[in-house]
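Following: one structure in C-alpha cells, then a few remarks.
The first chain written gets the first letter, and so on, giving A, B, C, D and E; residue counts start at 1 in each chain.
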C-alpha cells in the first residue's frame, strides 16, 4: 500500500468572487459546492463576496482571483476601458433589471413618469437604460429627476421618497416589497426598448484564459448540473442552499427563490453571440463606449471547437 | 467704601494631609480693618489656611468654622492673591488687572481707567498692552497685586505678594498697599520679618507640630513703618528669635 | 571635581525688546570658582542675562560674546535654576531631583542615594515619594534647588533660588549652598541685599537705561557671612543706597 | 457661615457611576422608541428596541461569532493605529520643518474615502483579516497622530530650556520631556481613536469580507433583516462605548499625578 | 565659544512654507507613481498621476460643478458640527455628573455606521443638501465635542480658584475661564474636524444624491472611468488639506498670546 492511494486527489483551486452577498441568484454555485459537484470534477472552488460589485472584475483583470460574477452591461464598459476580461459563462440569461413603481401609484405606462423622481443604485449604465426606456415612451431624461439612493431601493420606494426605482431586480425587490405589504409593479426593460442581455455572467482573465480553459469548462459543467438539479428539485435545493449558511433562511430569500429559478441559464457555457454584438452596438450608439469591440473580445464559448 | 469691613473669627481650624495633622483646632480672630501678617516655616500650612478662609477647595481632610462679624456671606467681598501669580495668558496685562470685572461681565470704561491707574502705581503703565508671557517674574507679581487691589474688596488675603520684586520696588509697593488697603481686613502671608513688622497691626506665627498660632508684638507707630524705626528693630530681633525656635519646641 | 571650574567672560552683551534696549554692549567677567550675585530692579533683565549665558533662546534680538577660560564648550558643565521651579508634574519629588540623570538615561542607584541625601539636606526627606503638585511653594523651590545641586556642575546659574522660603530655612540653605558649591563658578540673581552680602564674592548691580553693571564692595570674611558682621552691615547700607538710585541717574 | 468639610469619594461612587451608565442605556432606548412612536418610522427602516432585543437573543450565536472576528480586527487596528500614530507624531515633532511636507501627505490618508482604496488593498492583501485591520488602523491613526503632534509641539518652553541645560539630547528630550507633557492631549486623541476603532473595522469588512459584524450588517440589510442588522449595530456600539471608557480609565491610571492634584496654572 | 544671535523670521519664511507645501504635492505624486511602477498596479485599479491630471484638465467643468456642491455641504457641515460639538462640550462640562449618561449617548453617534442612518435621514429629509450637511456634521461633531470636553475639564485648578474668589458665576466661569483655557485642546479637535469634513459630505452623498463629488466618484467608478474618479478624489483631498491648513492658520490667529511667548510651565 502506498501513501498515494490514501492521499486525496489533487484538486485545482478556483477562486470565485460573487457580485454581491450570497442570495438566491447564486443558488447554482452554492448548490454545486454543497453537493460536491466541483470536487467530482477535480476542482476546489472558493467563494467570496464583495461589498462593491465593481470590484470583482477588476480583481480578475489584475489576476488576483480567477472568476468573478458580473453583469453583461458592465462587461461592455470593462472591455471598452481595456480590462482584459471576457465572459466565459452565463448564470442568469435574462435581464433581472426592472423599473419598479408602487402598484398603487397609478402609473400604468412609463410615459406617466414625467416630472417624477426616479431612484437608482449606481450601476454604470442605469442612466442609459432609463433614457432608452423614456425615449421609447416619448420622454427624455430631463423629464424626470434621477436620485442615486445607493443602498436602499426598496425603502426609498415604499416610503415614497421616490416615485420609481430603476435597477431593481425583478426577482428580489418585488418580493421584498410584498413582504413589507406594498404591492409593486415592474416594467421589464427588455419590453421598453432596451436590447435584451445576460444579467449575470462569469468573467475570466482573457490573458490567462488558455491556461485555465479546461478547469473553467469543468466549473461551468458543474454549475449547469446544479442548475438542472435545482429546477428538478426546488424544495430540496432550498434546503441545500440554506444549509450553506443558516442565516440565508429568511422569508425574503424564500420568496425570491421561486421568482429566481426560471431565470437561471440552463446551459451556462452556451454563448448567444448576437446579444453581445447588439448590446455593444446599442452602447456605442448611446455614447457609453468609445469603440466597438468584436464579440470575440467580449465573450468566448469554451466549448466552441 | 460704603460699609465697614467685617472682622473674621476662625475656630476649630484643622488640616490633615496623609494622616499627619498640620494643625488641629486652631483659633484666631482678625479684627475689622486690621492688617495681620502670617509667618511660619515653609510647608507649615499658611497657604492652606488662607485657602480655607477664602472657601477654596483643599484636596484632603480639613475643617474650619468661620464667623464673619456682620454675619453676611463673604462672596463678592473677598480678594485672594495666590502664591503663584495666576495671570491668564490669553488676556493682555491691562485685562488681567481688570480680570474680575471682565469675567463678571461688567467691565466698563471706568474700570479700564482704574486698572490703568493701578498699573501705573505698580510701575507697569508701559506694559498695559503686552501679553503676560512677556513679563519678568517680578512684573507678573505686580500685575497680580494690581488685580487684587482692583477688586477693592473689604477682606484681602495675600500670599507672599512681594516675594519676587526687588528691595526698592518692595518698599514702594508697601506704601501703595498700605494706602489702598486702609480700612480693609487684610491677612497676608510673608517670609520677610521686616516686611511683616513694617506692615502688620498684628503678627501671627504658625509654629509647632501640629502647629499653633503665636501672636508676636508689633511696633506701635503708623504703618508703613520706616525700617530704621528703633522699636521695629527690637521687635525684629524678638520675631527672628521666635522664628528660630525649633518646630518641636 | 576633576578639573577646576572655568571662568566666564561676557562681552558685547546686548538685549532689545520692542526697540527698547534693556542693555547694550555689557561687559563682565566671572572668575573661576567665584560666587557672583546679580541685583537690579524688577524687569531690568537679570533673568534674561542668565538665559543668555546659559545659551537659552530669547524671543527677540539679543547678542552676546561669551568666552570660557578653558575654551571648552559649556554643555554638560552648567546647571541652571530658573526663577520658576519648573518641576515636572509627572515625576515624583525624588525623581524630580535626579531629573538630569533620568532624562539623560543614566540614573543608577548611586544617583538615587545622592538625590535622597540632597532632599534630606533641603529638609524634604519625607516628601520624596510625593507628586510635586502636593508641595507648598517653598517646598517646590527647595526641590528645584536640590535638582540644581544634584547636577554637580562647575558653572551654576541660579535665578532667585531662595525667594519662596522662610527666613530661617533660607539661612540654612545658604549654608548648604555655600558648602556644596565651593569651588564652582556661581552666578546668582537675588533681590535680597543681605543674601547677596552673605554669599557673594562679588556683587553686580544692573542699573540704568540702558543698563550697565556696577560692582559693589563685599565684606571680606568667609562665606556664608553672619548677618551680624559689622562690615556686612556697612556694605549693606552702601548697597541699598546704590539700589535706591533712580534708574535714569 | 457654614462649616466646610470635604469627604473622599466612597465605594458608593463607582456604584453611582455604573448606575449612570445604565441610565445612559435607558435614555438611548427611550429616545429610540420615542422616535419610532412619534415619527412613525416603518419597521423596515428602524425596528423597535424590542424587536432588536429579540434578534439579539435569538441570534446570539451568530452575533457572537461575527463579533469575535470584529473584536480581533478592532484590537489589531487599535494597537497598530496607535503605534503608527504615535510614531508619526514623534517624527513630525522631531523634524519640524518637515511638517508642511509630511502633514498633507498624512492628511490624504484621512481624506480618501476608503472605498477607493478597497481594490488596491484587496489586490495586495487579499480578503483575510489583514486589510480590515489596516482599515481600522487608517481610521485610528490620524486622531492619534494629530493630537499627539499638537501636544508635542505645545510643550511649555520652560521644560525644554531645562532639558537643554541638563544636557539632554534631542531624542531624549522628545521621549522624556515632550511626550509626557503631551500625554493629556494624546489621551484626548486616544479616547477618540478608541471610539472610532469599531467603525474602522466595520468599514474594512465592507471592502470585502465573509465574516464580521460589518459583513453581517450589510448582509442583513440586503436581506431586509433589519432587526438583525440593528442587533449587530447594538453590539458594535457596545464595543465603542466599552472601548472609550476602558481607554479612559486606563489613561487616568497612566497619569496618576493628575489625580491627587490641586494644580496651578501658567 | 560661538556668538549667539537670533533673527526674526523674514518674509522668506512664508515663501519657504509654500515651497514645503508644494514639496508635499511632489512627494505624494512621486509615491503614487512609484507605487504604480514598482508594484505594477494596473491602471484600472490605480491610474497614473498623468492620466488623472489629464482627467482634471479635460473634465474641469464637470468637476468644478460637483465640487461646488460638495463645498457647500462641507462648509455647512463644518459650521453646524463645530457649533453643536462646542455646545455639547460646554453642556458636559457644565453638568459633569451627566457625563456617564450623556457621553455614551453621544458616542453612539460616532459608532453607528452612517449607512444605517441613511434610510432614516432619507425618510425624514429627502435627497436635498440637508441630509449631506447632517452627515458631515455627525462626523465633525464628535472630535470637537470630545476634545472640547477634555480641554474644559482640564482647566488648571488655580484659575478656577481665582474665578471663585472673583465672584464669577458658573456660566461665566465656563465661558470666560474654562473655554479659553481649553482653546489649545479644542484647536486640536477643530483641525481634525476640518480634515474629516470632506469625507463626511461624501458619505452623505453616497446615501442618496444626484450631484456632488461623492456622487461623481460612485458614478465614475461604476462606469470604470477610474481616471475621473481619482480626479474627483484629488479635488476632495485638496479640500481636506486646504481646510486643515486654513483652520490651523485661523486658530493661530485666534490665539495671539501663544505666538510671542517663551512660556513657562506648571
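The working rule: contacts are C-beta pairs under 8 Å (C-beta built on N, C-alpha and C of every residue); 3 or more make two chains touch, one makes a residue touch a chain.
Being a predicted model, the structure only gives us computed values, none of them experimental.
Novice: What chains, if any, are shared contacts of subunit B and subunit D?
Specialist: C, E
Novice: Select, from all pairs of chains, the pair with the highest number of C-beta pairs in contact.
Specialist: So the pair of chains linked by the most contacts is D-E.
Novice: Which chain is most remote from subunit B in terms of Cα centres?
Specialist: A
Novice: Round to the nearest whole Å and give the separation of the Cα centres of subunit C and subunit D.
Specialist: So the centroids are 48 Å from each other.
Novice: How many angstrom lie between the CA centroids of subunit B and subunit C, rounded to a whole number?
Specialist: That pair's centroid distance is 27 Å.
Novice: How far is the middle of subunit A from the middle of subunit B, if each middle is the mean of its Cα atoms, in Å?
Specialist: Each chain reduced to its C-alpha mean, subunit A and subunit B end up 84 Å apart.
Novice: With chain centres taken as the means of their Cα atoms, state the distance from subunit A to subunit E in Å.
Specialist: 39
Novice: Of all the residues in subunit A, which ones touch at least 2 other chains?
Specialist: Each of 52, 58, 62, 151, 155, 159 in subunit A touches at least two other chains.
Novice: Any chance you could list the residues of subunit E touching two or more other chains?
Specialist: In subunit E, the residues touching two or more other chains are 41, 45, 115, 119, 123, 157-159, 161, 181, 221, 260-266.
Novice: Quick one: which residues in subunit B touch 2 or more of the other chains?
Specialist: In subunit B, the residues touching two or more other chains are 55, 57, 59, 82, 84, 86, 88-89, 132, 134.
Novice: Which positions of subunit E touch subunit B when the two form their complex?
Specialist: 157-159, 161-169, 172-173, 176-177, 180-181, 183, 255-258, 260-263
Novice: What residues on subunit D touch subunit A, complex-wise?
Specialist: For subunit D paired with subunit A, touching residues are 42, 44-45, 59, 62, 115, 118-119, 122-123, 126-127, 205-210, 215-216, 218-225, 228.
Novice: Write out the stretch or stretches of subunit E touching subunit D in their complex.
Specialist: Those residues of subunit E that touch subunit D are 17, 20-21, 23-25, 27-28, 31, 39, 41, 45-46, 97-105, 107-108, 110-113, 115-116, 119-120, 123-124, 142-143, 146-147, 150-151, 154-159, 161, 181, 184-185, 187-189, 191-192, 195-196, 198-199, 202-203, 214, 217, 221, 229-230, 233, 236-237, 239-241, 244-245, 261-266.
Novice: Could you list, by residue number, the parts of subunit A that touch subunit E in their complex?
Specialist: Within the complex, subunit A contacts subunit E at residues 52, 54, 58, 61-62, 74, 77-78, 80-83, 117, 119, 122-125, 145-152, 155-156, 159, 161, 288.
Novice: In the complex of these two chains, what residues of subunit B are touching subunit C?
Specialist: The contact residues of subunit B facing subunit C are 17, 39-43, 47-48, 59, 83-84, 134-139, 142, 160, 163-170, 191-193, 240, 243-244.
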